[in-house]
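Letters A, B and C mark the chains in the order given here, with residues in each chain numbered from 1 onward.
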Amino acid sequence: MSKAAKATNAEANPDEQAQSASDGGEIEGQRDISSAELKAIAEAMIFVADEPLSAKTIADVIKVDREAIEVAIVDLVAEYDARNCGLQLREIAAGWQIATRPEHHEQIRAYLKSRPSAKLSLASLETLAVIAYKQPVTVPEILEIRGVQSPSAVKTLLDKRLIVAKGRKETVGRPMMYGTSKEFLIQFGLKDLTELPSIEDFQDLAGGES
Amino acid sequence: MSKAAKATNAEANPDEQAQSASDGGEIEGQRDISSAELKAIAEAMIFVADEPLSAKTIADVIKVDREAIEVAIVDLVAEYDARNCGLQLREIAAGWQIATRPEHHEQIRAYLKSRPSAKLSLASLETLAVIAYKQPVTVPEILEIRGVQSPSAVKTLLDKRLIVAKGRKETVGRPMMYGTSKEFLIQFGLKDLTELPSIEDFQDLAGGES
Amino acid sequence: MEDTAPTDMAAPATAEAPAEAAQTISVANSQPEITPDGDSDQLKITLGDFEGPLDLLLYLIRQEQVNIYDIPIARITDVYLRYLILMQELDLTVAGDFLVMAAQLIELKSRMLLPRDPLAEEEEVLDPRAELMNRLLEHEKFKAAAQMLWSRATVEQAVFTRAEIETDTNNPEVSVGLFDLLRVFEEILARHKEEILLEIEREEVSMAEMIDRLRNMVRSAGELNLMKFFERAKSRRELVVAFLSVLELVRMSEISLVQSETFGDIMARTASPMEA
């Protein structure tokens, strides 16, 4: 029995409906939705979604302006922060998600009996960095930058769904090109690829010593 | 990043520590946990749990008195109700659970229905793989290759418009042949079928080990 | 976790315990060390996660405290080669990439020794080290980026989302990517192959059947290439039966074997009436 299904067996409170009719403008084919209700619906929908949910998706489903949803979400984020509670509402992979706060990870791990999942090897991380910054990029191009022949790191990243195929390059042999996936954004806590620091920012680090 | 910093030096506010020492009493081998923190941890734990969580379980995991957790949860429930938000904290099956409120069931149902599903059952996925790589192919041929009956998977794929009929094969019974659709290309981000990864692409990746 | 190829030398190892080469990889702050071991001349080596020759070179440049923009090629080449020899002495597989770099360094070193062409314009004289320097700088940028990703992932691992909401357990759904399609297809093919093999195992050809088969084949064609006959065998056991049946028919003088040249094909023929 899903949590979502649990939500089905009750009627809306008549008082609230009356209230919602009094504020907020009417949208065609849709009953009035107060801003408080909009916030509540957005929160509930983000909660049941099993991946980060965009404001646009929410707006499309309940047939209101995206701006209204965006306002509601900004309000919600402020509420979550003000409550100083165990959860946060955050933007990730071009969507919104409810998640725990990092400071409680020890207790949550203790409950889930989970250990920090195996980290990627240095080879995989470097390969991932090359793909993230050079995408779409082919295996030969990755090997050229890394200076090593082993392409097995690419396979590891595919297996972990951190990268995806992005078509073929129109050169000799038509090699497959790779780019980062949505899963990559999620696992590395990124809103989108523009949130990655520029690769040139690492220039100062490179060769900076000595 | 600041989140990490928060996680590592998560020292409780001295005032709060003093408070919790006075009302909770210190538990062996466990640093003081303020009541605000207890509430946050309980909330986070209930959130990640895949079944209703009892106060006792939470108390056991973080090694505090059950009474302290019960107080924290009562506080939390009051907070949730006061916020008048999209979620509720409720007791069910001798445990606590975060769930959506019944009054939003319509919108949540609408959302769950609207979800584009790039998701396929394993049977459908296997059938799709056979059709993608062997097209045009008939149902008997698919059965032969997969070694299992798959007529319903073919129907699912037709319903999802991932495959289309491609005429009849000129053999006994003139069975219908199937191939992948334009929708298939769109969903898998392919320009054309030549962009499908080949077994060679995979072998190149696995072949790093000399 | 072991997702690097063995040739990558990714696993840290020590001179004392090379057997522990398969231990887990720690990404951060794992630098190799060479330290004198007590009074002896022996060097104690701790290898870091060298992901290839560029990594090793960068490390050596740091260790030797030389300027990456003005690398003393002769000195670095010597240190690099010494390092490779040490790795070989430790029985660590030195991957081809390391040897290629060694060759490039030696070539660079010799080019540095050549006198400059006095006729060449000053601007046209490119520093032979420029390409290597650029590759090193580029590589180091991505190493730094990898560290950044690592710390991001670490923070992210402390964040949890709600548990899966159960769906229909009878029909577990999987979200699909392009490579899933290929992987699944390969699995089907592999499964198919296994089934064929299993069927062959069950099918047993008796000695008598095999003798009949051989006899008929030789009779109908007049002669039979034995190699072809043996290749028809679908299992090791069937091959043995085929071999025995050839011996049996030769023993009974029903067939004779002919080899027209040394190492040539062996043909089975119906024994000629003269021999019979």
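Going forward, contacts are C-beta pairs under 8 Å (C-beta built on N, C-alpha and C of every residue); 3 or more make two chains touch, one makes a residue touch a chain.
On a predicted model such as this, the values are computed, not experimentally measured, just so you know.
Peer 1: Any chance you could name the chains that touch chain A and chain C both?
Peer 2: Chains that touch both chain A and chain C, as defined above, are B.
Peer 1: Centre to centre, using CA atoms, which chain is the farthest one from chain B?
Peer 2: C
Peer 1: Between chain B and chain C, what's the gap in Å when you average each chain's C-alpha atoms?
Peer 2: A distance of 36 Å separates the two centres.
Peer 1: Which whole number of Å gives the spacing of the CA centres of chain A and chain B?
Peer 2: Each chain reduced to its C-alpha mean, chain A and chain B end up 13 Å apart.
Peer 1: Of all the residues in chain C, which ones touch at least 2 other chains?
Peer 2: Where chain C meets two or more other chains at a single residue, that happens at 5, 7, 95-96, 152, 154-155, 158-162, 164, 166, 177-179.
Peer 1: Residues of chain A touching 2+ other chains?
Peer 2: If we look for residues of chain A contacting two or more partner chains, we find 3-4, 47-48, 98, 100-103, 105, 108, 112, 149-150, 152-153, 158, 164-165.
Peer 1: Given the complex with chain A, which residues does chain B contribute to the contact?
Peer 2: Against chain A, the touching part of chain B is residues 3-4, 6-7, 10, 36, 39-45, 47-49, 57-58, 61-62, 79, 83-87, 97-112, 114, 189-191, 194-195, 197, 201-202, 204-209.
Peer 1: Please name which positions on chain C make contact with chain A in the complex.
Peer 2: Per the stated touch rule, the residues are 1-5, 7-8, 10, 24-25, 27, 30, 49, 51-55, 61-62, 65-69, 95-97, 101, 135-146, 148-150, 152-162, 164-167, 177-179.
Peer 1: How about chain C: which of its residues touch chain B in the complex?
Peer 2: Touching chain B: residues 5-7, 95-96, 151-152, 154-155, 158-164, 166, 171-189, 191-192, 195 of chain C.
Peer 1: Once bound in the complex, which stretches of chain B touch chain C?
Peer 2: Touching chain C: residues 1, 3-4, 7, 44, 47-50, 98, 117-122, 125-126, 128-130, 132-133, 145-147, 188-190, 196-199, 201-202, 208-210 of chain B.
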